[in-house]
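So, here come the structures, one by one.
Note that chain A is present in both complexes that follow, paired respectively with chain B and with chain C.
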Partner chain A sequence: MSDLLKVEDLWVEGRPPGGKYTPIVKGVSFSIKPGEVLALIGESGSGKSTISLAMMGYARPGCRISKGKVLLNGEDVLALDLKGRRDIRGSKIAYVAQSAAAAFNPSMKINRQVTEAPILHGIMQENVAVEHAVELYRRLDLPDPESIGGRYPHQVSGGQLQRLMVAMALSCTPELLVLDEPTTALDVTTQIEVLKAFKDIIRRENTAAIYVTHDLAVVAQVADHIVVLYDGEMMEQGSTDEIVNRPSHEYTKILMSAIRQPPKGEGTHSDSSTATSIEEAISAAPLLQVSDVTAAYGQVTILRDIDMRVGNRETVGIIGESGCGKSTMAQVISGLLPPVSGDVSLDGNSLPGRVKGRNRDQLKRVQIVFQMADVALNPRQKIGKILGRPLKFYHDMDQARCKERVGELLELVELPRAFAQRYPGELSGGQKQRVNLARALAAEPDVILCDEVTSALDTVVAASVIKLLEDLQEKLGVSYVFISHDLSTVAAFANRIVVLYAGRVVEQGPTTSVLSPPYHPYTKLLLSSVPELRQGWLEDVMETQEARSGIAQDVKMSAVGCPFFDRCPVSIGGVCDTQAPPKRNVAQKHEIICHRQIDELLSEQEMAVGAAAR
Partner chain B sequence: MTYTILHRLALGLVTMWVVSPLVFASTEILPGDVAESILGKEAPAEVVAAMRERLGLDRPAYVRYWDWLSGLLVGDLGVSLASGREITELISDRLWNTVRLAAITAVISVPLAVILGLVSAMKAGTLLDRTISIGTLCVISVPEFFMAALLVFVFAVQLRWLPAMPILRPDQSFLSSMWSLALPILTLTFAVLAHMTLMTRNAVINVLSSAYIEMALLKGVPNYRIILFHAFPNALSPIINVIALNLAYLVAGVVIVETAFSYPGLARLMVDAVATRDIPLVQACGMIFSVTYVMLNLFADILSIVSNPRLRLSQ
Partner chain C sequence: MTTNMSGPTETTASSGESDGKIKDSNLRLTTTAWIAILILVFWVGVAVFAPFLAPYGEGDMVSMESFKVVEESSFLGTDYLGRDVLSRIIYGARMTLGLALIATILSFSTGIVLGFVAAISRGWVDQILSRSVDAIMAFPSIMLALIIIGGVGTSLPVVIFTVAMIDATRVFRLSRARALALDASVMEYVNVAEARGEGVTWIMLQEILPNTIVPLAAEFGIRYTFAILFISSLSFLGLGVQPPGADWGVMVKENLQGLLYGAPAALLPAACITTVSVAVNLLVDWFLHRSSTTIPGELME
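This part shows the complex of A and B:
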């Protein structure tokens, strides 16, 4: 079969505002046959997104394609004029972006956006295009396929929007799909569902695809071929089997080793003796205690009856899918959202629910670091000023002392002192997150609430930030509440884990215990959804009970019974949906909130493991 | 959404209520009073005092404020101290003149500004974009009285195309009144154009850097459609607000233009009233201007809410 797409010696240049053009993609060549999936992998800055956009003859502002050929069915896309390129965009090559929430126009209804390309390219009349869109919604398992297109983007969930974007890309039945990190921003459960949708569509339509990602485990599920990129250059290229199982290039080996294997509870973090000693310390006197907290936005209750404790020098991980109330926890603890009922206390002293009611010392002791490093830093203030403010506010430092301390703080987060003179815009994502951390540390807090602090960073940078957090804990004795939807990160880092579902704690305990059987059915679902670095994992996981029943659904809040009822593979009708589940102690300080007996859960899960092994 | 709009309406009413004592008080601060201004500086003190008593100026301020406010609420603006005529009657002609000038200017300048802004945004960084930006900035930088004189000099004196002074007769046709108003309209258009053009340009350019615009580009959507259907609707809110502010200026800020062209509008009436210390008339004009500002801004707020699906479809 002849090649659908052939890229020959592609060079792309980019420049900073006002600067000179320098090459960012250096002589890349590859080819794709119809029905094939080619993965471009590498860290951020490796040029993988730039290459994928060049397939459509597009370069982002500040970039230009300087050399090379992109042959689509033998015709060079780069030789086309603007009109010619416009004709193939959307119709022959379609693009799926990382964030559907950003890629959908907020003021246009979904159908209009999905049908725009086929109508514009003269492929379909409006009514045919709408029918086709509805058919695609149905194929992608979207709820209410007939009517979902009449909504605005903000009226559907993130996972649904991601699938709607796939429908938008498929609206003209393109020959090539360009998928640019399409699942990176998703929960693991939603990721499975979207990956499966991709595979089905690609197989059914015999569409070829370029899949851009930094996640090798995801690549192993979908790709036929892999191109490994570093700094705009191709390091290695080969079949998925070759690259995953027998990598030959040094850099590929490094990438492979940076992958954290999915947590399976074989003592991932602390050995049991330190876990026990921390447990004892907490029982004696928890540093931070959340007791029986219920919190709501207006009429909507987000958190119900939350009990949680954090000890000195301890890291408590909070996990759950988006919409489970993780960030609300941070808001309640920090006083940004006063709880409806219940109490947050520090060293045994109750904290006022409202941040305004807290005194300077109480404020100082609890600090928060947000997910969006860029948004949390004032772009018009130099780093020195951003860090100086908490120093003056909490410690009344004078100018000279302040300057000295800013330098120390920057060193603490492993940034050069000279950064005090820079603006946030001059820093990379990872550096900004370090500045955010330094800002929190400036107060000299006892507890830092980390809300998805590594989620926007790519694997290698995220790993270095985690390392920094660990070092700081060692050095300063600070405690963390670490909120993340990424189970592997939490597993590698937290002493204890709290699993939240629909605003309730469903399981909590020391990391090792939570990550080994027996699991709460929801914990089990999360664990089994973390992609493994082996081909065929996706197919296997779709076979299991958890996946079939639980993945394709959104988190629903409920006031009665167990909130996980309608997704749970082992739910008991008439019990789980009507009665609040009891708390069951598994081991020391490890509790599961479920109607099923512990040994029921255990035998169920051992059977499942046995079945998978066969 | 209904709740949000009702909330805004209530806020608007509160604003107007807060404005009323301010308008009243600021006229009280004016030096001298109408009695002195009617009788002249040389008048003996007893005569002035008698006049003050006859006009009711000897009563305490809060009593007069209360009288005034209760009159306002039933649409009674009082009687002009200088001429003894009903203020409602004095104002109605003048208000109509001002509104007519403002309306015609708005009908011309708002679409023009939006189109110029969109073209600028579409061609950002090009010579055309820079010409539009610099051009509109230049005309706004010229003081209005100078611009008025300049236009009169060029179009009325030198070229003899347009009348220098607007002559308004009741039996005039719309076209001929447009013709006679051409120079004031042009002067005002120059004054409000830059603000609206640049805001449209910048708001649209801001939206153009969004991911959904890149998405539209990669769907093969042509440039003009991206600007009109993808970017403009998302840039509406700031544009609407600037338009409202400029429309309010057209009603309340035209005093220089009305004076320069001896145009019988409301602003000039107010200036004359200040000169004669005709306090009830100044207060009435002041309230009309304030109400215009508040109403237009309120209207802009409501339009912004309606144009944004996220706000429109929320409870």
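This part shows the complex of A and C:
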């Protein structure tokens, strides 16, 4: 079969405003046959998105394609004029961006947006286009394919919107589909559902696809070939089997090592001595205690009856899907959102619910680090001022002492002292996150609330930030509440785990005890949804009971019964949906909130493993 | 992503070289900025040294003939009462630039403070402020000014205050909207400051103001020109600058008839207003450009 797309020696240059052009993609060549999926993988800044855009003859503002050929069916896309390029965009090559929420116009119904391209290109009449769209919805396993197109984008879930965006891209039956990090922003459980749909439809339509991502485990599921990029250069290229199982290039190996695999379900309960000693420390005197907290935004109750404690020098991981109330928890503890009822106490002293009610010392001891360093740092303040303010505010430092301390803080988070003179916009994502962290450290707190601090970062950078957090805990003895939807990161880092679902704690306990093996059906679902770095994992996981019943369901907040009822594979009708589940102690300090007995859950576990093996 | 070029050794990457350069280019004045500054400095100089520069007093009748075109005794001709146009323009600079500037500064400080307070505190504070502003804005501004000045009695402070308050409603709407937009786009640094325990003043001046300064500065340029025109309208109605005081706006209106006789008495002060408003807007443009290049990369895209 001849190549559908052939890229020869592609060079792209970019420049900062007013600066000189420097190459950002350096001589990349690859080819794709019809029905194949090629993955471009690398960190941010490796040029993978730039390459994928160049496939359509597009360069971002400030960039230009300086050299090379992009041959689609033998025709050079780069040689076409603007009109020629416009004709192939959408009709022959379609692009799926990372954020579906940003790619859809919120004020237009879905059908109109999905059918816009074929109607605009004059390929289809409106009624034919709509029929085709409905057919695509059906193939993408969307609920109510007949009527979903009549809704507005905010009326469907994130995973559904992501699939609808693929429907939009496929509406002209393009020959090449470019997917730019299409699942990166999604929860693991949603990611499975979307990946599955992508894979099926690519096979069925015999479309070629370029899949851009930084996640090797995801790539292993969908790609036939992999191109590894670093700093705009091709490091390695080969079949998925070769790259995943026998990587030859050093950089590919670094990428592999940055992936943290969650502990496997087969493990036994280890009674790790560190865990127990920390347990003892907590029961003696918890540093931070959250008791019976219920919190709400206006009329909508987000958190219900939360109990949680954090010990000295302890890391407590809070996990759950988006919308489960993880971030609200951080807001309540920090005093940004006063709880409706319940109490947050520090060292046994109750903290006032609002920031305004807390004194400076109480404020100083609990610091919060937000998820997006991009928006958490004021773009108009220099790093020196950002870090200097908490020093002055909490410690009344004078100018000279403050300047010295800012330097120390920067060194503490492994950044050069000269960064004090820079603006946040001049730093990379990982560097910003370090400054974000340094600001919290400036207060010399006892507890740092980390809200998804690594979620927006690449695997390699995220791993280095986690390493830093561990070092700082060692050095300063600070405790962390680490909020994340990324189970593998939490598993590798936290001493104890709190699993949240729909605003309630469904399980909590020492990390090893909670995860290996997982008891609660929801913990199981989360754990089994983390992509593994092996081919065929996606197919295997779809076979399991948890995945079948758990994915493609919306999280519902309910006041009665167990919130996980409608997604739970082992739910008991008439009980789980009407009665609040009891707390059960698996081991010391390991609680599960479920109607099922521990033994029942354990045997379910074995059944599931058995099913997967078959 | 194109701005983020660092690799796995990202902590040590790209130190130093770029930031100095960016800062320098920010401080450098462009040609247009120079022109704007020259014009403004010129007018401020004229306003300050008016008694020394003007050949006659601002109310002196220098000729028995009205709407005289250029001659040696009065360089730019005379107005409808036979007063020297040049002298009146020079004295008028004081009134026009000064009044409008004071009014605009007053309207901006009130508008911004109230707008931010409304945006930060939300709830009933926001409701009361916003609805009052809505009520004020429901009146045509010239009508409202007539009612207030008519009721209180005319004097320069009253005029300035009235113009400032009416303009402040517009500034209030803009600054409140901008502050809310920061919040809506989840600018977490505001939350960070709040969680730190900062007061409203710090959040307003240090976190929100610098990030809303771009649209507000643009608005300042426009509002200043409007204020000049608004005061002129009031003066024309007999409520602003009182005769024989000179004001460019007043001069335009009172000398309109002169156009019929081919006298430049109305055009000259109009041209002066134009130079000032062009200069102010050029300066604002330069400022906007300067501050937008301070944030490279994704925020501006």
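Just so it is clear, the second predicted complex is superposed on the first by the 588 of 614 C-alpha atoms of A that agree within 3 Å, B and C clash if a C-alpha of one lies under 4 Å from a C-alpha of the other, contacts with A are read in each partner's own complex, and residues count from 1 in each chain.
Heads up, the rule we're going with is that a residue touches a chain if its C-beta (ideal position, glycine included) is under 8 Å from a C-beta of that chain, and two chains touch if they have at least 3 such contacts.
Quick caveat, the model's predicted, so the values are computed rather than measured.
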item: Simultaneous placement of chain C and chain B on chain A, clash or fit; value: clash
item: First, second, both or neither for A:L412, with chain B first and chain C second; value: neither
item: Which superposed partner A:F370 touches (first chain B, second chain C, both, neither); value: second
item: Partner chain(s) touched by A:P106 [first = chain B, second = chain C, both, neither]; value: first
item: Chain A residues touched - chain C or chain B, whichever exceeds; value: C
item: Which of chain B and chain C A:Y230 touches, first, second, both or neither; value: second
item: Contacts of A:V219 with chain B and chain C, given as first, second, both or neither; value: neither
item: Chain B versus chain C as contact partner of A:C576, first or second or both or neither; value: neither
item: Intersection of chain A interface sets (partners chain B, chain C); value: 60-61
item: Chain C-facing residues of chain A, complex; value: 14, 16-19, 24, 43-46, 49-50, 60-63, 230-231, 254, 334-336, 355-356, 358, 360, 363, 367-368, 370-372, 374-381, 389-390, 393-394, 414-416, 418, 421-423, 425-426, 428-431, 434, 439, 443, 460-461, 464
item: Chain B residues within the chain A interface of the complex; value: 209-212, 214-222, 225, 229-230, 233-234, 307-310, 313
item: Residues on chain C engaged by chain A in the complex (per definition of touch); value: 1-8, 10-13, 15-16, 18-19, 22, 25, 185-189, 191-192, 194-198, 206-207, 210-211, 293-299, 301
item: Residues of chain A defined as touching chain B within the complex; value: 53, 56, 58, 60-61, 85-91, 94-95, 97, 99, 102-108, 116-117, 120-121, 152, 154-155, 168
